[in-house]
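Here it is: the structure, laid out below.
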Amino acid sequence: MPYVNIKVTKEHGGLTKEEKAELIEGATSLLEKTLNKNRASTVVTIEEIDTDNYGLGGEQITERRKRGQ
Amino acid sequence: MPYVNIKVTKEHGGLTKEEKAELIEGATSLLEKTLNKNRASTVVTIEEIDTDNYGLGGEQITERRKRGQ
Amino acid sequence: MPYVNIKVTKEHGGLTKEEKAELIEGATSLLEKTLNKNRASTVVTIEEIDTDNYGLGGEQITERRKRGQ
Amino acid sequence: MPYVNIKVTKEHGGLTKEEKAELIEGATSLLEKTLNKNRASTVVTIEEIDTDNYGLGGEQITERRKRGQ
Amino acid sequence: MPYVNIKVTKEHGGLTKEEKAELIEGATSLLEKTLNKNRASTVVTIEEIDTDNYGLGGEQITERRKRGQ
Amino acid sequence: MPYVNIKVTKEHGGLTKEEKAELIEGATSLLEKTLNKNRASTVVTIEEIDTDNYGLGGEQITERRKRGQ
């Protein structure tokens, strides 16, 4: 029953359903492969956070993106 | 000042106000009853997460629900 | 597969095993009773945090406890 | 690479962009000033939570606000 | 600057350094491969939680392990 | 009742009590100054995470520190 939480910025309308599926599958397989954890009870949540609400280096990602960062 | 965070899937339009109230009251009373914690400073947050963003067993809950799981 | 995280201060040597069991059982039953969630996939984690690392009102809990708060 | 997560209630339409920028800058500078942490790898996320989903003292903030609390 | 948090039970003395390295590398590569995220700013934290503090199905993992679950 | 969680690496024996006090005071004052939040109900927690359990750029911080990063 590992729990994996993934926080990413919400950009270009947000992740596609397929991307989310790939993250969930990938994180679950990583725990299974690395630690032999039981897939059936591995929980993964993905949080998409607005770029105004996400900061790096003291700045909002919105602003960094304007400079191509 | 215990802090309780509850993550659940967002389904059927999300939780009703009454359900949220019951979760907040219940979690606060649990901390009070079990650990004699002060209700006045117990914080509870509820996060409702889209079923595409919530995985169990390597799959999105959206897909599990299609199979009645 | 709800996920409940409980953060409390670590005091008097920390929670007893029975207190932790009661919190886990109580939180799981709360989700079952309130939202009819499946007990079998409800995950609960308890984090006990040192009172120097826990703040309320801008102060460490260690200091508040010295004043009986 | 410190990580700071700030959860606040979503009220009056939510935080302004400037308020979010100030929180991100302030939290990053706090880590820099206090612990000499590298600004460039300090991550800050802000979560705005609906007042129905946020509880204090066993009650939803929505209800407390009705009493001016 | 995605942020991945992995919570697992602390068992058999805890994860080895190599297992932790593999989880960090794997989670970072997953974000890179799936979402083309920049490795350099991807943060991963691993929390190892005592089996008394980790519950599934209303029970402490410590108890489930006694039954071979 | 804002909630601030700060995760930093545990290095050189961990943060001093004074550093933790400064982080708690600073984060509380930031919420007060920026959003006029009530100090009395602002909760701050600090998590110090082992450098083997903290990754950036796909590597454990322990390894990055060996290269002076």
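Residue numbering begins at 1 within each chain, and the chains themselves are lettered A, B, C, D, E and F in the order written.
The criterion applied here is as follows: a contact is a pair of C-beta atoms (placed from the backbone, for glycine too) under 8 Å apart; a residue touches a chain by one contact, two chains touch by 3 or more.
Predicted, not measured: the structure shown is a model, and the values here were computed from it.
Following the contact convention of this document, A, F is the list of chains adjacent to both chain B and chain C.
Put simply, the chain farthest from chain F by mean CA position is B.
Across D-F and A-C, the chain pair carrying more C-beta contacts is D-F. Each chain's centre was taken as the mean of its CA atoms, and the one lying most distant from chain C is A. A separation of 20 Å divides the Cα centre of chain A from that of chain D. Touching of two or more other chains is recorded for residues 1, 3, 7, 23, 27, 41, 43, 45, 54, 56 of chain A. In this structure, the chains touch in the following pairs: A-B, A-C, A-D, A-E, B-C, B-D, B-F, C-E, C-F, D-E, D-F, E-F. For chain C in complex with chain E, the residues that touch the partner chain are 17, 20-21, 24-25, 27-29, 39-48. By the touch rule above, chain B contacts chain F in their complex via residues 1, 3, 41, 43, 45. Against chain B, the residues of chain D that register as touching in their complex are 7, 49, 52-60, 62-63.
Chain contact summary for the complex, chain C toward chain B: residues 1-9, 15, 19, 22-23, 26-27, 30-31, 33-35, 37, 41, 54, 56, 61.
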